[in-house]
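Pasting the structures here.
After this come two complexes, each holding subunit A, first together with subunit B and then together with subunit C.
And now, the complex of A and B:
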């Protein structure tokens, strides 16, 4: 095994990462049961350097390896054939560099020129296709869904995205900024901005104060609380359970309004910056946050109890859109959805975040269905509220810290990776610098990158009218995927 | 055959005005339970006027069927309303076996709604049509069984015989009445696409039944269709209220109670919509089967009583 072993938020010299011949590289990836979180190419003079980032969730270690491919190569043998976890990564690589993975089972571009490619089709007299989107009835992002149905039953769902492709990764290389980072995916502002800032800080060896880190962590948990509560309301709204929809919507507003008081933006825009944070949390604000959160906790507990006692709600949620643990593992699902399928991965704990080590996390008894996806949100809201309380206590100790430090220049020929557990799951940012200390490649992986395929699988064998309910349970990002 | 002027006027007013207030009241009730102030109770009327004034967009893939369907739907529902017992248990036109005409007029409107939806060629509308047709096929026989049993029981085959059951047959009549109210209430929820069968508020095409069939209609046509579905709700509510309210009550008292009970029914529908989630699509059949079962029980009870079998 030829890897460089790294930790989260660590700067690595590019020369330390082994470059091995492609055959060995491929064999390594096929054999291992480590989870890929990055697989992408970068222009490397005459060649393309193909990087692979694997993680060991139990040890909290990241394994990095690379191989060179000739820039003029037309094709290479696909890894997906042996290890299905690479299917999206290879499609993305094919789209970005035009080198074809031979033997890939469903090779079409991921984000561009989708119109020119056929959908998976079923044949039969009673089979009908239902095409939904890319423009939808609600105020949501664009995406196309193609269902193959017999009557009400869905046999296959193919999801086509890319309508919001803005070339974010290239923009990041040209002009990296916090404003850009927090605009990539509007519902994960804190997670994206934290990941970006941590990558830049690792690359420039900037040491951020404990206080700034604590404020980031608090903001991240607040984001989780707000979006989870909003999603719980949306799930109940989709099954026409009006009371739940309204109560959760009101409660979510309390949380985002508190965020407004912290940073001047309800979604925390402008709070986090390369070098620290822009806004302090003083004692008064800290009191305010605590009192709002205890009110939120009481309401959420009461409402969830009422909703889950309603037999009509339970009959809709239970056994709808089941994704088995095996499927989830095979597809490399991450974050919230993985946890709702019984895979206990959470990068806050797995990568030994300094603040979370003494926090307690209960085990979740997953049922893999829509109920599980609702219940895990409830569990995480309650846990996050207690985390915020503890983080605020830690904040008192470092009251006199600076919140913003001087930032250093980026160090040349380096690589850094940052994994942040946003509300949806791991947000991965990887940046590489060139010999002049400028960014040469920036790679982002949203949890939706993995999880859209979970949604496809959740629909199989379910009624087509259950799609909105499953979709809300996953609540994936279009912008975060399209980049 | 044609009743006196007062009943004609009252019934027509009821058919034309009540739909707006019922829909408005349902929305108000839902807003109340959701902790919101809610829209004005007159909003459905304002919406109707607004739609009448708006222009239309008609898909180029549709034929003449799509264009005439809204008028056919509206006029057949109004026509059905002429045969339905409203004030004092009396219909505007009374015929022997009027309920057959009534059912087929409603069926006719539904038939046109379905072929008009299919005419658009949209996969959504096809899906909605198949759902709507499915549920109607189950509702219709149950409705016939119920009304035929009543005709046998009261020995009177006009539609207004339903208001006689409670007064004419004592405890047995009470039992039949309760069952009929339950059955026709289920019919109302299905026919008027209310929760738990359908969700009139949703924007999710894949989950819709009735709403998805009218996705392509706009402006004047949409106004007629929504109005027609409101009128259908008012008619079915009138039938339910007539089952409960003894027709022996005199004059103004009956009229006031009648309107109050109809509005109460709207509030009850609003409460159900606030407290309950929708049933999974595949389980709606089971919900409709409740009505069929009740119909069969009514038929057997009547048969035992009348013929002693």
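And now, the complex of A and C:
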């Protein structure tokens, strides 16, 4: 096994990463049980350097390896054939560099030229197709869904995205900024901005204060609380339990308005910056956060109890959109959805920092269905509220720390990786610098990149009318996928 | 069922009664306050701005490009730039969004959105929109959804988002308009029956925002069709959105 072993938020010299011949590289990826979190190419003079990032969730280690491919190469043997977890990474690589993975079972671009490609079709007298999108009925982002149905029953759902493609990775290289990082995926502002800031800090060897890290962690948990509560409301809204929908929506407002008091923006924009944070949390604000969160906790507990007592709610949630643990593992699902399928991965605990090692990772008894996806949100809201309380206590100890430190220049020929557990799951940012200390490649992986395929599998065998319920349970990002 | 009904008693009234005079928290970054006489033209604000919204001599901020991140305020050594918590930021002309030393809250409120006779006579205080996200990051989309929740409840003023362009009086665009969405956006616009209005919602829609230098955008739509309302913000606050629409359809 020829890897460089790294930790989260660490700077690595590019020369330390082994470059091995492609055959060995491929064999390594096919054989391993490690989970891929990055597989992408970068222009490397005459060649394309293909990087692979694998993680060992139990040990909290990242394994990095690379291989060179000729820029004029037309094709290479696909890795997906042996290890299905690479199916989407290879499609992305093919789209970005035009080198064809031969033997890939479903080689379509992810984000470009969608119109020119066929859908996965089913034939038969009673089979009909339902096409939805890109513009949907609600106020949501665009994407196209193609259902293959017999009557009400869905046999396959193919999801075609790319409508939101704004060329973010190129923009990040050209003109990186915190404001751009925040706007990649506007519902995960804190997660994205933290990941970007941590990558830049690792690359420039900037040490931010404990206080700034604590404020980031508090904001991240508050983001999780707010969005989870909103989603619980949205799930209940889609099964016409309107009391739940409205109560959760107004409870979410309390949390994001508190965020506004911290940072001047309801979603925490402008709070986090390369070098620390822009706004402090003083004693008064800390009290305010605590009192709001206890109110939120009481309402969420009451509302959840009332909702789950209702048999009409339970009959819609239970056994709807089941994704088995095996499927979830095969497709490499991550984050909240993986946990709702019984896979205990959570990068807050797996890649521990100085705060989370004191917190306990509690097991969740997954039922793999829509109920499981509702229940895990409830569990995480309650957990996160207690984390915020503990983090605020830690904040008292470091009251006199600076919140913002002077940032250094980026160090040349380096690579850094940052994994942040946003509310959806792991947000991965990877950045490479060139010999002048400028960014040469920026790679982002949203949890939705993996999880859209989970939604597709959840729909199989279900009625098409359950699609909104499943979709809300996953609540995936279009913008984070399309970049 | 009784548990569910009990929640209603616990929750009580949640809506904001007077939405046009709602109190905004003081920390909110709204209408910029610009003082040209305090500007030393050091360029620090211009360099820190991610979208190129600031120009000097005289000091001006283009609210159509500004993401309200507050970076310029932090960089300014003389305090020439500040952000008030004034949230009614909508305007009916693009050039009204340029904020100078002369701009005050009262003056901006008076001139930003002129009542149009035909708008009132056609829509008669009720307007339905089809929302199109064309590269929006889900920030503005979440805030537009929040505009219909029990707190802001814009439905009580006759403002709603509808599921089909055929049922709509106009479209609300969010996002910088990507190449991949350009066709669908125009298609949707054409499906709205005449007469119709176009509202640009959020900094990205108005100017491209942080994405303005992207090669993956296609903003022809903006030049091709008449824009009736510009609502800046990153993302647009529900109060900003609702008040802009209320001003737009008033008598």
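In this text, the second predicted complex is superposed on the first by the 483 of 483 C-alpha atoms of A that agree within 3 Å, B and C clash if a C-alpha of one lies under 4 Å from a C-alpha of the other, contacts with A are read in each partner's own complex, and residues count from 1 in each chain.
Here is the rule we use: a residue touches a chain if its C-beta (ideal position, glycine included) is under 8 Å from a C-beta of that chain, and two chains touch if they have at least 3 such contacts.
Everything numeric here is computed off the predicted structure, so don't read it as measured data.
Judged by the touch definition given at the top, the superposed model places A:464 against subunit B, while subunit C stays out of reach.
In the overlay built on the shared chain, the residue A:310 is in contact with subunit B and with subunit C.
Comparing subunit C and subunit B on the residues of subunit A they touch gives the larger count to C. In the superposition on chain A, contact is made by A:170 with subunit C only, not with subunit B.
Once the two complexes are overlaid on the shared chain, A:257 sits against subunit C while remaining clear of subunit B. By the touch criterion stated above, A:247 is placed in contact with subunit B and with subunit C alike.
Residue contacts after overlaying the shared chain place A:162 against subunit C, while subunit B stays out of touching range. When the shared chain is aligned, subunit B comes close enough to touch A:131, but subunit C does not. In the three-chain superposition model, subunit A touches both subunit B and subunit C at residues 137-138, 241, 243, 246-247, 250, 310.
By the touch rule above, subunit C contacts subunit A in their complex via residues 1, 3-8, 10-11, 14, 25, 27-29, 50-51, 67-71, 74, 83, 130-146, 149-151, 161, 163-164, 175-176, 178-181, 184, 188, 204, 209-211, 213-217, 234-235, 237. Listing the residues of subunit B that touch subunit A in their complex gives 30, 33-36, 123-124, 126-127, 130, 195-196, 199, 201-207, 273-283. Interface of subunit A with subunit C (complex): residues 111-112, 114, 134-135, 137-142, 162-168, 170-171, 174-175, 177-180, 183-187, 189, 230, 241, 243-244, 246-247, 249-250, 253, 257, 260-267, 269-270, 278, 299, 302-303, 305-307, 309-310, 477-479.
Residues of subunit A that touch subunit B in their complex: 128-132, 137-138, 151-152, 236, 238-243, 245-247, 250, 310, 312-313, 315-316, 320, 463-468.
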